[in-house]
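Across the two complexes that follow, chain A remains constant while its partner is chain B and subsequently chain C.
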Partner chain A sequence: MSARPHADRRPNLFARLSLRQRFYVIAILLLLPAVGLRVFTAFYPFLQTAYLSFHRYNPAFDHGGPVFVGLGNFQRMSADPVVQASISFTLVFVLGATFFQLALGLAVAHLLNAAFRLRFLSRALVLIPWAIPMAVAALGFRWMFDDQFGMIPDLLRSLAGVEMRWLIDPNNAKLAVTSVAVWKSTPFVALVLLAGLQGIGRDLYEAARVDGANAWTSLFYITIPMLLPILITTGMFMIVWQLAVFDLPFLMTGGGPGYSTTVIAQKIYLESNSLNYGYAASISMALVGIVAVVGVVGLYLFRRFDVSM
Partner chain B sequence: MSSQAATRSQMSPQTQPGYRSALFARYGESILVYVCFALFVVVIGLPFYFIFVSSITPSTELFNVPPTYWPSIPTLDNYARMVESIPFLTYFRNSVIFGVGSSAVSVIAAGMAAYALARIRFPGSNIIYLALILSVALPQIAVLVPMFQTFNTFRLVNTHHGLIIMMSSLMLPFTIMTLVSFIKQVPAEIEEAAYIDGATTVQIILRVLLPLIRPALFTMFLINFIISWNELLYPLVFAHNVDTKTLSVGLTELTDPGSTYTKPWDMMSALSVFMIVPVLLIILFGQRMIISGLARGALK
Partner chain C sequence: MKKVTHTQTVARGMTRRMFLKGTAGSIAAALAANVPNNFLTQGMFAPNLIRQNNTVVFAIQEFAQEAIQSVLPQFEADTGLTVQFEGGPVSGNDMLTRYSPAFASGTSPVDMFSDADDSSPTFMRAGWVMPLDEIIPQETWDDFPPSMQDHIRGFLSIDDVPYRIPHEFAVGYFFNRQDWLSERGLSVPTTWEEMVEVGKEVTDAENGVWATTDGLIKPALLYVYVAYLTAQAGGKVFEFDEGTAEALQFLYDMIHTHKIFPEEALNQDYTAQNNLYMGDKVWFMRQWPFFQGVAEDNEDWYAPEKMVISLPPAGPAGSKSWIGGWGFSVPTYAPNPDGARELIRYLTSKEVAPELAKQQGFLLTPRYSILEALADSGDELIAAMGMYADNDVFAPRAFHPRVAEAQTVVDDMASLFLTNQASLSEVLEQGKQLIAALDQ
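Then we have the complex of A and B:
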């Protein structure tokens, strides 16, 4: 008793722990809110989605709860033309948009990095498309692309002599939705690439210039190889993020004309609204599967090129 | 710039070899930069010009062919009708509660987690970090139905705190990633010195680390406020009454029974301006911080 007076005066559990154990307790307490939130809104509902994807569940009809159907939902998906159309448009949209976001983003990053008097202005302006609500951009461009009253067809007609109908033509509607995604997110990509550009030493370019390199050879032999890890991570991030896009096509075209601009997320939304919870869950699993494949390919590419640097 | 270039060309002898490329190197490059800058300003600015002009154009003139590029008589009628069509002030208040609440919760929870992940060595810390970060790839829409059922069970649908819980959780991965990389840059020696002086962990976090990472926390607060201010899907699905709907939901609700056109662009553009202005103010105020915050999160 008298050997451990300290423990007797403070008989709480925490004081009896070793120093190392105390740190574990503190770490757990600090992580609890974040982990709790993610479990509650991501991990646990995801397990439920996985469970539902093998069940037929429409709360309006299946009063006894979900009915196990095995791979039934996935068979139905493979025969559903809307699902196929939405997957193919989503892939075209995401890959096309990401390519142009990276290419134009690199160009804009050079502009933001150039030494000129209005540089501060360009850096403030570049944030604006990223920062405004997607809903505002989607509806604004819907109006601007309008065949009768829109400014874009009118400007194209009067300035370039191009006569184009946008949102009522399936292919042009796809092009229009993709362009808005490029307009909205290129600035974000540019900002990330700008940080990468600033990390490349000037001496590399000077040495190349002495050896007779011009702007193009510097771009392809210095800038792009040096930025490759960032280009890959940013590209993967944009692909994964845009695979789940919902608000842009939903508000800009409503998925139309027909189903030409319906993305996977909107198909899930439609099925959920029709209370086909089981079917919606199986399409969700397909979307998660696509995201996972992209993620694995991205990690592979990143490791391959990052190690070689 | 171009007049300077012109005077120089009169002064210099045209026969000098390599003169053209030298001139280009000197002025052509900066002219090119300004041309690119002008193009950049037009591409970024034109949509905002159209949205703004539409908002002050009388709705009858809005449906002119060819379109009006500047109204004959600018008017604020569209704003007046928009405010009558939806409970604008209530939605505005809801958007502010949603934005401030979500960003505050996400920054606090992410800050706590980031400290544990960056500073305390414990088994499984890498796995927890990886799981938190990778969960960013889970599409919102893929877990919407189960989430709705759970939130319904806990009576969290149509409540501010329910919306704040899901939105702050959505922003956690990116916020944690950014804050971990920031805390790792702060030298641990300062905290160790405080520890040797007898400070407790809570004291170290609040008195030593917090002042050092306050700029990063504030940056993430601004970024997360912008992201939640712009969010559509969660409020669209989880807010069904006037007391919780946000402005982005209001944008989808505007309808004009008097018009044959399905989308009342006159009112939409007016509301759009109201949704853009707060974001513009934040950018004017915190441009430098936001740029560094976005780049750090994406690079690390």
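Then we have the complex of A and C:
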């Protein structure tokens, strides 16, 4: 076997690249899987949704493919009572639930931060609601709020003499659904705030006490200002997270009575389940708009209070 | 401007512009590459790429699988095919949720499935299920009585071409506590007026005993009852006409005026409804045929006189109850269409259908062959089916091309009215507008 002359050997494509070019090729190849994942699971669906929101498309009826309708879907949304009611309830639900999650979470975090026996066990037990799957909690509370079989109306009746119809009264149903969301997620907020509380030095409180501060003034002048970055971050997270809530109200009330507890995500589900992809996409874009507004407010607050990102 | 050397660029990392250019170029190159056609048209995990063609995957609710399994040995011996079961969804909404994404992308996870009234029209119109006129022989179609022929033409076909063949005959039966009524010297109510009259006499709300109830939780269950009353009122529920108004008002009055129907039913499902009845809290109620089996399984409680089926109380249009039910379909993109055709022909044949009906109420229809085979069985549902047929009780199920959406509108409007969030005239007006919007 004769050896080929050294001069005939041609370097492969990669070997012909300069060091700098090789650096970029390797970098791009390594990044490609992650970028591809984001492109195909986030950017492409988003662009497709945006495209569909300007079209009427239901594969059962529009056999020719999507039909361009401009802002027609958005015009329809503005006159759709279910969409209006769902946006209204979603905002009330999200803001109400987040407020109480933060307030109660702060209170629970304080309790868990105190020194007492069985503190570690208490910290674990408090987390139980958060660990229960949302579907299980929703179905469980549907039974617990049931006016015939439920223990909550029964307890209120026998202990406090309160006669309330929960899931068949529009306002009480809203209250019940929001309460369950608060019950479910408060432990998570408490855990995050507990971490923040542990970062506040005891000397600050001691100095304040020397200056005559009581518990309330310490809370408002030390704890809350010191926790503000965490409170804002957690609050923004809970708002954005809960804007897309679906399972809790759907399984607990089916969106009723009427459509008083219908959330935006349920309306999107109903429309896409009926194959109204165009209309469902336009409602999704409205939800994106709401999330964007929340995001802008969040960014402003982050900058205002120097939250590091 | 300070010049950045190569070494500095490498040390600082890639610029954003370079990164974006490189990434975009790489993605374009990947897309332009020769991706196998199968992956593009059928998906990377398309079942037809990985499944042997001698298997037929059949999706039906799990409680019906045992009955079907019993007739399969003959089929498998004759054809050499193997039937593999999958648990099917339990409602039309679930059907749409589970299968639409696959069908829309030109694939199917199953070869044959049991489909519901509220999902089937959508699948048919989207072209996602096969026409059955040339798959099912004419003698099988002729085996269905005229009352079912109308249902097949309206709900299971487009332009008289059937896409689904019924295997279930769902009708709301009127169950009553004959034991209690006899004890009190009362008769089963035969009209709406009598229902109110008897209802007032027997309701004991303080002890949680009600004349009647139903499972009315959204989605879909409230629609079922409103459509039932609307059929008795002679109305067309999707038109929000006079009959619908009468039905809604009657239901409202039973709940709020006469207080013979618990308001709590608006947030209860069929499990709660059945538990109330079997907990001795309800005198009479409408319920689907499956309740017969549920009650019989409750051996500590069951007695025939607690479960007597009578004609539904007559409204202005008479004693009516709408019919519907599940049926078999074959997806257009079934991985094994030939096997599915063989299986659907076999299970619906005049020889096999009666065998299935003997074992499972979900596979029972009033086909001539089935009625003949079960004539002397003493089965309560067969007897009730005959009684309802003799008295012309069966009413066609209200049809709308977008039936699932139209039902949601009825659900919403009825719920608004029954929970005092809107007046009757408001919900009728809004209901008409929302139904009209569906037609646009």
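The working rule: the second predicted complex is superposed on the first by the 271 of 309 C-alpha atoms of A that agree within 3 Å, B and C clash if a C-alpha of one lies under 4 Å from a C-alpha of the other, contacts with A are read in each partner's own complex, and residues count from 1 in each chain.
The rule is simple: a contact is a pair of C-beta atoms (placed from the backbone, for glycine too) under 8 Å apart; a residue touches a chain by one contact, two chains touch by 3 or more.
Keep in mind that this is a model prediction, so the values were computed, not measured.
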Looking at the overlay, does A:Arg76 come into contact with chain B only (first), chain C only (second), both, or neither?
-> second
Quick one: classify A:Pro170 as touching chain B (first), chain C (second), both or neither.
-> second
Looking at the overlay, what does A:Ala135 touch: chain B (first), chain C (second), both, or neither?
-> first
First (chain B), second (chain C), both or neither touched by A:His63 = second
Which partner reaches more residues of chain A (counting touched residues only), chain B or chain C = B
Between chain B (first) and chain C (second), which does A:Gly96 come into contact with in this model arrangement: first, second, both, or neither?
-> neither
Regarding the shared-chain residue A:Phe23, is it in contact with chain B (first), chain C (second), both, or neither?
-> both
Answer with first, second, both or neither: which of chain B and chain C does A:Gln148 touch in the superposed model?
-> both
Once the structures are superposed on A, label A:Val192 by its partner contacts, choosing first (chain B), second (chain C), both or neither.
-> first
Have a look at where A:Val35 lands relative to chain B and chain C in the superposition and call it first, second, both or neither.
-> both
Just which bits of chain A does chain B share with chain C as contact spots?
-> 23-24, 27, 31, 35, 142, 148-149
Considering the complex alone, what residue numbers of chain A touch chain C?
-> 20, 23-24, 27-29, 31-32, 35-36, 39, 59-61, 63, 76, 81-82, 142, 146-149, 165, 167-170, 253-260, 270, 273-276
Once bound in the complex, which stretches of chain B touch chain A?
-> 30, 33-34, 36-37, 40-41, 43-45, 47-48, 50-51, 54, 62-67, 69, 108-110, 112-113, 115-117, 120-122, 125, 128, 131-132, 134-147, 149-150, 165-166, 168-170, 172-173, 176, 201, 226, 229-230, 232-233, 248, 251-252, 263, 265, 268-269, 272, 275-276, 279-280, 282-284, 287, 290-291, 294-296, 298-299
Residues of chain A defined as touching chain B within the complex | 23-24, 26-27, 30-31, 33-35, 37-38, 40-46, 48-49, 52, 107-108, 111, 114, 116, 118, 122-129, 131-137, 139-144, 148-151, 154, 158, 183, 187-188, 191-192, 194-196, 230, 233-234, 237, 240, 243-244, 246-247, 251, 265, 268-269, 272, 277, 280-281, 284-285, 287-288, 291-292, 295
Considering the complex alone, what residue numbers of chain C touch chain A?
-> 6, 9-10, 14, 18-19, 22-23, 26-27, 30, 93, 96-97, 100, 104, 121-123, 125-127, 208, 217-219, 262-264, 266-268, 272, 276, 401-402, 404-405, 408, 411-412, 415-416, 418-419, 421-422, 430, 437
